[in-house]
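Okay, got some structures for you below.
You will see subunit A twice below: alongside subunit B first, and alongside subunit C after that.
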Partner chain A sequence: MHFTVSKGVLQKGLQKVVGVIPTKTTIPILENVLLDLQGEKLKITGTDLEICISTDISVNGTLDGSCAVPARSLNEILRELPELPLDIQLEDGNKITIKTQNGLYRLGSQPKEEFPSIVLEDSEGQLDIDAGLLSRMINKTVFAVSTDELRATLMAVYFQFSAEELRCVATDGHRLVKIINYQVKSPDFHKDVIVPTKALSLILKNIETIEDPEKINVNLSIGENHIIFNMQDTLIYSKLIEGQYPKYENVIPIDNDKKLTVDKTELSAAVRRVSIFSNSFTHQIRFAVDGTKMKISSEDVEYGGEGNEVINVKYDADSLEVAYNGVYVIDLLKHIDTDEVNFLLKDSVSAAIVTPSTQKEKEDLMMLIMPIRLSED
Partner chain B sequence: MIIKRLLMGLLRRFAPRNDRKFPKLGVIVQTLISYKNYSTNKIDFRIHTLIKNRVKILPEDLTNKIAAGEVVDRPASIVKELVENAIDAGSDEIFILLKNGGKTLIQVVDNGTGMSREDAILAIQRHTTSKISNYDDLHNIKTLGFRGEALASIASVSRMELKTITNEKDAGSLIKIEGGTIDDVIDTGGARGTSVAVKNLFYNTPARRKFLKTDETEYRHILSFIQRFTLSCFDVSFTVYHNDQKIYDVKPADPEIRLVDVLGGRYKNNLVTVEDKGTVLQIWGFVGKQDTAKKSRGDQFLFLNGRYIVNRALNHAVISSFGTIIPRGEFPLYALFLEIDPRRIDVNVHPSKMEVKFADERLIYNLLRAAVKRALSSEQVIPSLSPQIGVTPQPISMSKEDFLAQQTAIPLYETAPRTQKFPGLDIPQPQLPEKKQAIQMPPSDEKFERANIWQINNQYILSEIKSGLIIIDQHVAHERILYEKALKDFEISNPASQQLLFPHVTELTPDEYSYLTDILPFLEKIGFVIKGFGGNTVVIEGVPSGMKISSPETILNEIIDEFKQNRSSSLDIRDNVAKSYSCKMAIKKGEPLTLEEMNNLIDQLFATQSPYFCPHGRPVIINLSIEELDKRFGRI
Partner chain C sequence: MNKVILHIDMDAFFAAIEELDFPEYRGKPVVVGADPKDGKGRGVVSTCNYEARKYGIHSAMPISQAYKRCPSAIYAFPRMKRYVEFSKKIHSIFYEFTPKVEPISIDEAFLDVSGCIRLLGEPVEIAKKIKQRIKSQTGLTASVGVAPIKFVAKIASDLDKPDGLVVVEEGKVIEFLKPLPISKMWGVGKKTEVKLKAKGIDTIGKLAQIPRETIVKRMGKVGLHFWSLANGIDDRDVEIGHKVKSVSLENTYYEDVENEKIIEESIRSLSDNVSRILRKKKFRGKTITLKIRLGDFSTFTRAHSYKSLIDSSQIIASVCMDLYHNFDRKGKNVRLLGVAVSNLNTESGDQLGFFDESNREQQKIDKVIDMVQNKFGVDKIKKASLLNKHSRRIDEGDIT
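== the complex of A and B ==
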């Protein structure tokens, strides 16, 4: 393997891959990236066995070949180098040299065969979606996933592909987000898959580097046990999480008839302030709605802090008092794009439905939040 | 002798140039003489009322400056406002009658000055008061009331009967008001004083009525307000009836006797007197000795110029002066009275009138802390004060004068008034930044410095402290935290329970089910919501909030199991549930923790009562001192 490439190009390519490299691993080979040169194309691949990312960059190749090199060392030397042409060559099959005008660096390498290879099964369906839209769907859901390692199915976003729509759902058991896009249709296949959070955040990171994501197409290909996101020169493969996603449709309430409309910015600012005084364990804050006013309050019985604010709201049902985890409320509000936000409430122990005051075209965004049962007093 | 001197001083202060303008001078002197001042340096600020007892409408620019907001939100706040009025009127006998937690009736009867008919009619309008009349008065408040708000607010949400008589020989007035409008005014007779009866609270605002809690809860809130008055007005007798039962009957008494009378015999002979008479700030009162400290708050009272106030920083000043003689999580009694020139404080902060801003809170903090510390050490409650902690009395009393000399030059209210009027919107402006400052200000007691912290084998937390090194077992540490929390939760009515979006259904064995029925009431207190689902199946609908629970059903099973096993060991059921719960819920060994999680764990651990041992008696922390290390390395 022998090629020359500008430092910037190689670094940019490596950046896309390095995020998947596990920080703590018992399998040392996973700390490497695989470099694979064919003609003028260098493929850089990294994996943690669950997820695999590879990206292609253009180089001046002189001799095809491949090897695995330590990702972090490579990344570090690239960071320290100025923008220069690099001459990279595999020597004796167990090290690579990086030559610059006046420098020479050597890194131990391992043969390609040591690097885990991924066997792709057949894809069952394909779908194109623009990168901007995909990143929106992921962003709007991924914040609500569970962080509990023991509940793998919830550490993920549920993708439901159908002839009518694409639907993404995330929940941690205390709150839930559902976003539907009616533009993205998969007429030929109907499939529900659970995609792990780590893969999704890597996709988001990759889309962030794209200048005009709306103009870039991402091809999704879904198999029995995997999903592949293919965009520009990068391919992200992820195993799907096995298991049953909770039957979330059953818990979306249909009889929440108390509608509360609030200015989002005002509410969010008030909740942030009041939350400072909530119990740092439960983050409990209270909403007391009565007519056109809502009192937001918190109290930390153990440490004696308390705070409250009153804001104007639109509400015409019976007065209601309900408590939530303030962190969840702030999270939800962050993902509302409209100036006003609607809460559909029932009582102080049932889920509230939170929606933007108007839906984006061809889209339906809905969030659920479970209250903290109010203590008497 | 002292009283006489005091009176002379007061008379000079309010000396009338013209007797016609102050016809009540006789009353003042009378009232003053009848006041037995138990503390010689206690100035009675309520004289003010007696001098210009004419109710006037406040000018609009002044009402705009008064901290506006909800004055009456529950029966307790009504009781508070009415008793304040009675006290401001110079009463020394106050009767309080309550029915159904105050929801059906609140009546406060006093023997104060009473009001003329014109005054009484005016007094129930908004923004009418006899207690202040101009902007300067607002910054020199000597009475408990000053907004001219209370009667109007109460009248507007109830059916009210106001009976008031200024003089036994003259006809008094009985005014009936419904939802704020006067229905009837008739002549009446009787002894001097005022009676305000508030019936059918919130009868015309059903939404607010709904926010009222059970009679019992409302009644408890009222009691805590009444308790505060009995502790600050030693020269007033209080008689309280609830649903025709006499609950309080306290006669004028020496402060110490009154305190024991109201708060309980445990404090008898267990109080330490605090006294510090500075020129501007005077502190007197009592703190309880360490053995009387309770595991719950409630017996902490701070009064400023006769007004009960809530102030985090000052509370900290008192509590922290106890140092380590009282374990964390226990709270000593204190009833402390601060007297300060009203021009150096601002009461007009919050509509509840319980928050006060000081010209220099830090100074007050230091003085208070020093005074309490001195009292404790002179009573030998604290064996010896380590010199580096806190303020030593000597330098403070010197710098205090210097400080105040400087301060007098700086007017307190130079800055714009902090309550602004928004068109059509009366919302108290949040005072968040200041509050936050108050929280951060007092340096906490002994804190572990945690610059460096590591997790070893996903099991132990290692951290550097001043004297060396501590090693914490993460599981037992968390167990201790949860155990104490559970015991605390058993005491409160209904704790926070995070409701689950997906209820978990689980089938138990008949055996497990029967144990569950035993411990369910306790689990509910911790925050579980568990319901029967037919047979031995239950559904878990809520879990303790703030907990990471992957599988509620597994946890439930484990808790039941553990409980079963511990059953034989003659544990009290509470203790058993708390132990089983904490053991099963605590983070396990092998769980990796983030830096933040480790820090939180250590913080919470040191907030427990006995951080050094887990509920089963195993050690939680091992201390390795530098000395020990030195020894092992053969340095010493």
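== the complex of A and C ==
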């Protein structure tokens, strides 16, 4: 294998892949990326055995070949180098050299055969989504996934493809987001899949590097146990999480009849300030709404801190007091695009429905948040 | 007004109760702890009386060693129920003097009497009254340390044992601490002691004289803490209503165990019991810890933390099982196993969840077992996997 390439091009390609490399692994080969040169095309591949990313970059190839090289060392030397042409060659056996005008760097390498190869199964269906829209669907949901290994299916976003819509759902058991897009239809297949958070973060990172994502199509191809996202020169393969996603429809309340409308920025700012004085374990803040006023308060019995603010709201139901985790409230509000936000409430122990005051065209965004039980005092 | 803190520590508590209940023990060395089995016994000394201490026996010493030092001593098995009775009596005496009581263990407490001086007299008088009350009500003796700060009160109570009373007045704290060996510092264990001595710091006075910056640079936050104590700075209040930090249970086998089945059964049984205590006390915790002590006394802990709060016996057991199976005991046998749940939160301020119901089956099982056990006793109902008792154990529990 022998090729020349500018440092910038190689670095950009490697950046797309390096995020998948596991930080702690008992399988040393996974700390490598596979370089595979065919003609003028260099394919860079990384994997953690669950997810695999490969990206193609253009190089001046002189001799086809392939090998696996340590991702971190390669990444670090590229970071330290100025923009320069690099001459990269696989020496006989197990070394790869990177030559610049003044320097020569040598890394250990391993034969391609040592690198795990992903066996692609047949796909059951395909569809195209514009990268901007896909990024929006992921961004609006992925923040609400669980990070608790207790339930693996919740450490993921649930994608539901159907002839009418694409629906994405995420929840950690305490809050839930559901976003539906009626533009994205898959008339040929109907399938529900659970896609791990890590794969989605990598997709977001890749889309961020695209200049005009709305103009780029991502091709999704879904099989029994995997999903592939194919965009421009990059292909992201991920195993799906096995198991049953919880029946989230059942927890969406239908009898929340107390409607509260608040200015999003004002509420968010007040919650941020009041949260500073909440208990650091529960982050509990209270909403006490009565007529056109809502009092947001917190109290940390342990350290004696407390805070409260009163803001104006639109509300005409019976007065109500309910407590939430302030961090969750701030998170939800961040993902509301409109100036006003609606809360549909029932009582102090039931989920609240949170929605933007007006929905975006061909979209339906809904969030749920569970309260914290009010201490009896 | 200046603070007046009392540290009250019962003298050889368990052994003293044994002597009280069995007059024939009096004047003889008494060791409360595991069965010495003619020197082949396992387990450790819980407490021993002052007669036994003359032979070099002390708490936490392996019982086999104690036996070597004094085979003729009286060896008594602990009767926790009886000791708890006494403990309750003593603690209720404390509350007769002040509501500001911080119980530290079964036989030890801090009292803040700053507010009762006008009512009850000088601190030394209060201390004497408390000692008298304990003596007349229970027949036992206590040692008391009086000081303006907790840490000094604790050292003072230990200086003149048994039946001691040491008063350190405001303004004399540094003078009092100066000559004391560094090992008397609260929190200085064997390792820290060696480290400090290597630097020529063998008394609390010498530690106090080191410039603050130097100690921070060399030993960081811990160093600063010790330095502050050495300089008589300890702003910790007597904490009323001791906060529970963890629930744990451990057992030492009568013989070191190799059999995986027995170990797994112990893990399930300990997990079940820890879970039961948690539910009874309405605690749930995030961190589950498994403690393993091998035949050569090497001790390991392995922990796993969740982001959510847990009290289910099934989860605790399965986590501990995983922790155990990922632990390599290198062919050595197991001497002791322990299960702990920490990072606790109580019921109020409980984050509600959408899918709480999906765990309901397991919760129902735990609840029914709790009900039966609370009503008829722990051995009346058990999970089938725990029915097969392979080996007897000594169970020791702790809520700290």
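In the analysis below, the second predicted complex is superposed on the first by the 377 of 377 C-alpha atoms of A that agree within 3 Å, B and C clash if a C-alpha of one lies under 4 Å from a C-alpha of the other, contacts with A are read in each partner's own complex, and residues count from 1 in each chain.
FYI, a residue touches a chain if its C-beta (ideal position, glycine included) is under 8 Å from a C-beta of that chain, and two chains touch if they have at least 3 such contacts.
Fair warning: this is a prediction, and the values are worked out from it, not measured in the lab.
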Q: Mind checking the superposed model to see whether subunit B and subunit C fit together on subunit A or clash?
A: clash
Q.
Once chain A of both complexes is superposed, is A:Asn279 in touch with subunit B (first), subunit C (second), both, or neither?
A. both
Q. Once the shared chain is lined up, is A:Glu80 touching subunit B (first), subunit C (second), both, or neither of them?
A. neither
Q. Is A:Glu361 touching the first partner subunit B, the second partner subunit C, both, or neither of them?
A. neither
Q | Contacts of A:Asp212 with subunit B and subunit C, given as first, second, both or neither | A | neither
Q.
Going by the contact rule stated at the top, is it subunit B or subunit C that touches a larger number of residues on subunit A?
A. B
Q | Touched partner set for A:Glu321, first subunit B, second subunit C, both or neither | A | first
Q.
So in the superposed three-chain picture, is A:Met370 touching just subunit B, just subunit C, both, or none of them (first/second/both/neither)?
A. both
Q. Between subunit B (first) and subunit C (second), which does A:Asp122 come into contact with in this model arrangement: first, second, both, or neither?
A. neither
Q: Indicate the residue numbers of subunit A shared between its subunit B interface and its subunit C interface, in ascending order.
A: 148, 150, 171, 173-174, 176, 246, 248, 251, 279, 281-282, 284, 325, 349, 351, 368, 370-376
Q: Report the residues of subunit C in contact with subunit A in the complex, numbered from low to high.
A: 306-308, 310, 315, 345, 347-356, 358
Q | In the complex with subunit C, residue positions of subunit A that touch it | A | 146-150, 171, 173-174, 176, 246, 248, 251, 279, 281-282, 284, 325, 349, 351, 368, 370-376
**Q.** Of subunit A, residues touching subunit B in the complex
**A.** 148, 150-151, 171, 173-176, 246-248, 251, 273, 276-277, 279, 281-284, 288, 290-291, 301, 304-305, 307, 309-310, 312, 318-319, 321, 323, 325, 349-351, 368, 370-377
Q. Along subunit B, where are the residues that touch subunit A in the complex?
A. 69, 207-208, 210-211, 213-214, 217, 297, 312, 315, 425, 427-428, 430, 432, 435-436, 439, 492-502, 529, 542, 545-546, 548, 550-551
